[in-house]
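Chain IDs A, B, C and D follow the sequence of writing; residue 1 opens each chain.
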Amino acid sequence: MADRKLQIALYWAAACGGCDVAVLDTDEFILEVAKLADIRLWPIAVDGKYKDVENMADGELDLTLFNGAIRNSENEHLAKLLRRKSKALVAFGSCAHMGGIPGLANLTNKEEILTRAYLNNPSIESGSQKIPQPETLVETGKLNLPQFYKRVYKLSDIVDVDYFVPGCPPAPHQVKAVLLAYVKGELPEKGSVVGASQLTVCDDCKRTKTEKKVKKFYRPYQIIQDPGKCLLEQGILCLGPATRSGCGVRCPDTGLGCRGCYGPAPNVIDQGSKFLSALAAIIDSKNPDEIEKIIADIPDFISIAYRFGVPASLLQRSMHK
Amino acid sequence: MKECKIGVYICNCGSNIARVIDCEAVREFVSHLPQVTIARTYRYMCSNPGQEMIAQDIKENGLDRVVVAACSPRMHERTFRNAIQTAGLNPYMLEMANIREQCSWVHKDAAAATEKAKALARAAVLRVVNHEALERMSVDMCPQTLIIGGGMAGMTAALELADANQRVYLVEKKALLGGNLGRVDLTAPYLDSARDLITERITRVRNNPNITVMLDAQVKELKGYVGNFTAAIQQNGGQQKEAVEVKIGNVVVCTGYQEFDANRITHYGYGKLPNVITSFEFELMLRAGRIQTKEGKIPQYVAIVHCVGSRSQEFHGYCSRVCCMTALKYVHEIKSAIPKCYVSDLYIDMHAFGKGHEDFYRHTLDVKTMFLMYGKNEHPVVRRADPGDDCEMFIEVDEKLSGEVIEIPADLVILMVGMETRPDSVDVARLVNISQDKEGWFIESHPKLDPVATTTDGIYIAGTCAAPKDIPDTVAQARAASARILARVARGKIDVDAVFAEIDENYCSGCRMCNELCPYSAIEFDEKKKRSHVISALCKACGACVSSCPSGAIKGRHFTDRQIYSQIEGVLL
Amino acid sequence: MSFEPKIVGFLCNWCSYTGADLAGTSRIQYMPNIRIIRVMCSARIDPTFVMKALVDGADGVLICGCHPGDCHYSEGNYKAMRRYPLLKKLLADFGIEDERVRLEWVSASEGQRFADLVNDMTERIRALGPSRIRGTLQIDKNER
Amino acid sequence: MNKTISIDPITRLEGHGKIEIFLDDDGAVKDCYFQIPELRGFERFVVGRPIEELPRIVTRICGVCPASHHMASAKAVDGCFGNEVPQLAHKLRDMYYHAHYIHSHIAHFYALAAPDFVCGPDADPAIRNILGVVAKVGLEIGGQVIRARSMAQRIQQILGGRFTHLVWCLPGGVSKGLKKEELEEIKPMVKELSKFADFSLKLFHDVVLANPTYVDLILNGPYTLDVQYMGLVDENNAPNFYDGQVRVVDFNGQEICKYKPEQYAEFVAEHVETWSYLKFPYLKKRGWKGFVEGIDSSIYCATPLARLNVSDRMATPRAQQAYEEMFSTLGGKPCKALMGNHWARLVEIMQNVEMLERYCADPEITGEKFRVVPQHITGEGVGIVEAMRGTLTHHYTCDKNGICTSANLIVGTTNNNAPIHMVTKKVAQTLIKPGKDPDQGILNMIEMAFRAFDPCYSCATHSLPGQMPLEVTVYKGGQVHWYCKRQVE
């Protein structure tokens, strides 16, 4: 790669921009990147048009960091386009990796989302019945909008993905590591998760851990946590044990439980059910009624267990009609 | 997907399977599954020709995995594992599909049953692809043995081992050896002295250099696993010494029984009427050589009541097995001491099943004893006699054989109290990790085929701690337990089953979710490495930790996630 | 022809699987819709198994273990007992009908009970209709 | 046959924006649309979630201003718990938020605005970017800019544990306090930032105000709109970013209304068009009158300049100085010149820095009482903060178990949706004349129009080579008649 500059693209689909900010947060390093590589597309930071991408030869891009989930037809179109143009396509950040926060939409449905946003909402112009449409005819011509899909997909549902960089957002030092690895041509095996460890958050977490038995669960606001002690042992839900490390224990160190943005450990196929399995096992009771009582203190378990990965779970979305 | 050569064998089980399931169709179906090299049906797969057929295929076609669709794995898994092992395959390269107990025997609809059989066979094929060759581990067997309880059982077991030149630690809670038998005078049915039996044991135990007797002592903690236990023994005595640690390979629990507390029964007047006494109180008189009432009179009438606390709904449902013969023994001893004493014996049923017991019963009939039969869940009532009567008490009994209510005189009433478990048997069970039945007796690993072993490997039970029994049975059990131990000690090593959980340290983050879950405390946490670790010899492969490991670092050998996933796919495809 | 549910049964080796074998040796007839997978203890049954079964096309999942107090491993079935209500909660949040997943205790001597259980569950699920979970992704893609 | 000019993509809120310009046969602009093509549905999918989880979910609405959403959400949640929050917690949150402002404004001013002024609006796009700025003002300064931004990030991290997507605020306060040693680490950074704020204002003087063409561009360019202004103010009508009341004034400086967060629904409503997923807020009492300018227009903008327009003064002395100077230079208050927003940002940075200095000197700031365990769930709350890009409103309700039952969000940039739509059309109409096809310069002029708003969806504005990807294609009879697009080096 020495002879020729690396051709890279960064793109966002249904995302918040945090992944791109994470790249900017590599600070001075970003200038390094500019030296090492031609950034051919990066809507947040540099010029570059869809048309340019369409005009590229297939595989002309060495590397594309794709962040964001697939929420609408435009996202899907760009995902397929960039897949074609890139030697290596990276699902960058939780949304592309697992569906991310936008993936929580899979617990509801398209109709309810549109109704809430445009019809049944306290600040909507009274009597308004308008909902945005894929096609609107105005007297001067036609206006198009992408089609809003029924549910959210993770990138690998739509196209073949070479590597996964987890995190919401990925920790800047991880971003650096990934880019450098790529520049140095140290390519991991296809399909692997890079920029994260194969251990879980607990490995990096400095809180003391002992044998676990839980008699009561607390919501974060219901208890003043002991900063030295494992949150779970205090009855505070923390997905740390079921989540890849690499983030730097950002949330537990702030005093709040991990919500699993780095995704499941290497040998786990479903983060939420695995966490359930572990969590329930340490409940300290043999009495069905008492057990019911204890778990009644865990509200909306699904959004804790699958906060960043409903579309990546085995069940993928709510089956409610 | 890894390349492998699978042989699938569908058993007709005579007509047991073939009557309902179209085995040929199943064979045809599986023969087209990927990786299946060969598929056959046969009349009886478990027969020698059947096993040889499999072995031959393995050799000739280089099969590396075998599926047998036949009866329940609980029936023949071992058989077929051995079969493929003789052909040079690792025994764990076998998977069975249960198409008899769970298919042909429970479904009449041939078509549906055949479809189900196909699904089960396919699941087995997909699973076996993910099987791994497993090696049984073997660990050193420490030849020393710990025996808890210094009664007849404990001492006998100790001597058996010590005579075979093995070191034994004999721990007795009380200050002296002998246990309950040490409180007895003569023994039924041959009326020889219990004291002689016990003294002989005690002297031999005392003089045997291989036996360390620890009196006034209790086992505080038992760590480790078969072949490699460490016991902490606390000797009370005068000055507080701290616990002694001893290394042992096996443990024999001989903690015996305690007698039923007669105070719990009111209608016999025990505790109120001075001359109503228990069998053990009577033994004291016998050993003192003087049978008399509290007032010091020689009794003219003695009544013996059976089944006190035994065979009743409100107390113990079971029979204590030794009381009947002991009662007859009393008749003989009373008659020989006070020839013209009238002895009456109130029983429910006369249990005389042991060797020589029936003769013993007949002799007792000869020596003019009044046998009165009362009904189960009924009971004789004892009342004080009026002044002027020529006896201390009267017993009213609804006599079954005559069908009449009879009142009999008594100066002395002997209550044959039954056996029950000691109150601290719970602690013992917890200490050595064995289970108890609803009455509190320790449970053997198999009531018929494996009566002295328990579900915890390396822990044996002998004597009355497992259930009421007489001296010969107790001695037999004690010696059986010792024999089991000697056999293992002789091999020097023990095999630990290859199916156990293991933690891959590359994936363990030391979250310690699993630590509390193991019923056998097989998981230890390494504070330095901050990793958990499974002591495979302690693991019984239940898989609780495997499913609970949030990072998927624990692998349940032979029941891995991948194996079970493929099985799920197989039954549903 | 009427809808024939597919039910996956996860049975512990010592009580429930033996109980199912007993149903066989006693020739107790029951509906052929169940496919049994043996595990050593109900504590081994990972909720992930249940979800995988549903995704792979099971219309129902039956989990069986020793009666509380009788576990061969002393307390494994309590671990299953603890997971169950939380799993049901989660499945309900995913919109999966309550009848589809069930936990029952079956001892080695309860062959008849096991047979009744299978029949009962098969009937309930037949009445409920097929599960809509299998192949979710493909279906969604076809109708965006 | 109409011609259509598509500018796609330009910007994003939750996706990309595009501009469609329709020309008549003579080539005059007939109409112009500004479209936002993406929606994610937060307002619906937060329903059913535990209310205390919302502050750590809604941060993902925007990764560029996550703290704004976190704070607005936290305050809405406070409301759902009867506002049991210790004073210290409010101080810490406010302190964090000032640091967040600094980081965002620096990025915007230097990466986006500076290139236009330092290098010049018609400079070669290839050099009209932050690297061009660095080339012009010197590497040393370039380094300072990057250092200043990362210091602002670092201060946030020390306070709240993380910067992007923080999780720090919860019912009853914040999850961690500020340790003495942490404060000591912050102090020197604040000193440097204070110098940097001065430096930035000076730079603006030297490069922009010293240059008559720029002053003219600011004051007399097509970049003015006759719409109203909205902003959050304290009890003295000085700008307050974290707390206060919303004040709306018209472009003559008359107060139209002033309302408490919980009253927002009486004063603001949202209009929907089927051609954009983004709604168009307007002043409810005036009613939706379409995309029109004028003193009775119900359309308002909420930008840095708008915030200063609705304020009577700044909250701190040095900021006050800069504030007075700005308005006197720009011909009095209120100021309609959109380009004034860039200057306004620097004035705000000054207040941010001074506030940080105050907190550093506050003996209570390292106290222990930064959190209580709230005892009551009261069920409803509205949280309003000033996002860098406009007034941000979160409105939640929850049931007695603290499960969210409804959520309504009016996002900062959304406030400016209508003004941007309008100014884009205005600029296009001014610049694209019959017979005069658009060119590079025109593209950048159009771009500068909404860049002034720093719309969050134009994260492109936080760009490295400070330019928006733009292209214009003019179709005539279905044929490509004229094509122009920006080169990238």
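To be clear about the criterion, a residue touches a chain if its C-beta (ideal position, glycine included) is under 8 Å from a C-beta of that chain, and two chains touch if they have at least 3 such contacts.
From a predicted model like this one, the values you see are computed outputs, not experimental measurements.
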item: Chain at the geometric heart of the assembly (C-alpha centres); value: A
item: Of A-B and B-C, whichever chain pair has more C-beta contact pairs; value: B-C
item: Cα-centroid distance, chain A relative to chain B, in whole angstrom; value: 55
item: Where chain A and chain C are represented by their mean Cα positions, the distance between them in whole Å; value: 33
item: Chain centre separation in whole Å, for chain D relative to chain B (CA means); value: 77
item: Multi-partner residues of chain D (each touching 2 or more other chains); value: none
item: Multi-partner residues of chain A (each touching 2 or more other chains); value: 107, 268-269, 274, 277, 281, 300
item: Chain C residues counted as touching two or more neighbouring chains; value: 43, 46, 48, 52, 75, 79
item: Pairs of chains satisfying the touch condition; value: A-B, A-C, A-D, B-C
item: In the complex, chain C residues that touch chain B; value: 4, 6, 8, 13, 17-18, 20-21, 23-25, 27-32, 35-41, 43-46, 48-49, 52-53, 56-58, 72-76, 79, 115
item: Contacting residues of chain C [partner chain A, same complex]; value: 43, 46-48, 50-52, 54-55, 68, 75, 78-79, 81-83, 85-87, 89-90, 93-96, 132-133, 136-137, 140-141, 143-144
item: Complex contact set, residues of chain A against chain C; value: 73, 107, 147, 149-151, 153, 157, 268-270, 272-274, 276-277, 279-281, 283, 285-286, 288, 291-292, 295, 298, 300-302, 305, 313-321
item: List of chain A residues in touch with chain D within their complex; value: 12, 14-22, 24-25, 27-28, 30, 34, 40, 42-51, 71-72, 74, 100-102, 104-105, 107-108, 112-113, 115-118, 121-126, 128, 130-133, 136, 138-141, 143, 145-146, 148, 168-169, 219-225, 227, 250-251, 253-256, 259, 299-300, 303-304, 307
item: List of chain B residues in touch with chain C within their complex; value: 72-75, 98, 100-103, 105-109, 112-113, 115-116, 119-120, 123, 435, 455, 517, 519, 540-544, 546-548, 556, 559, 561, 564-565, 567-569, 571-573
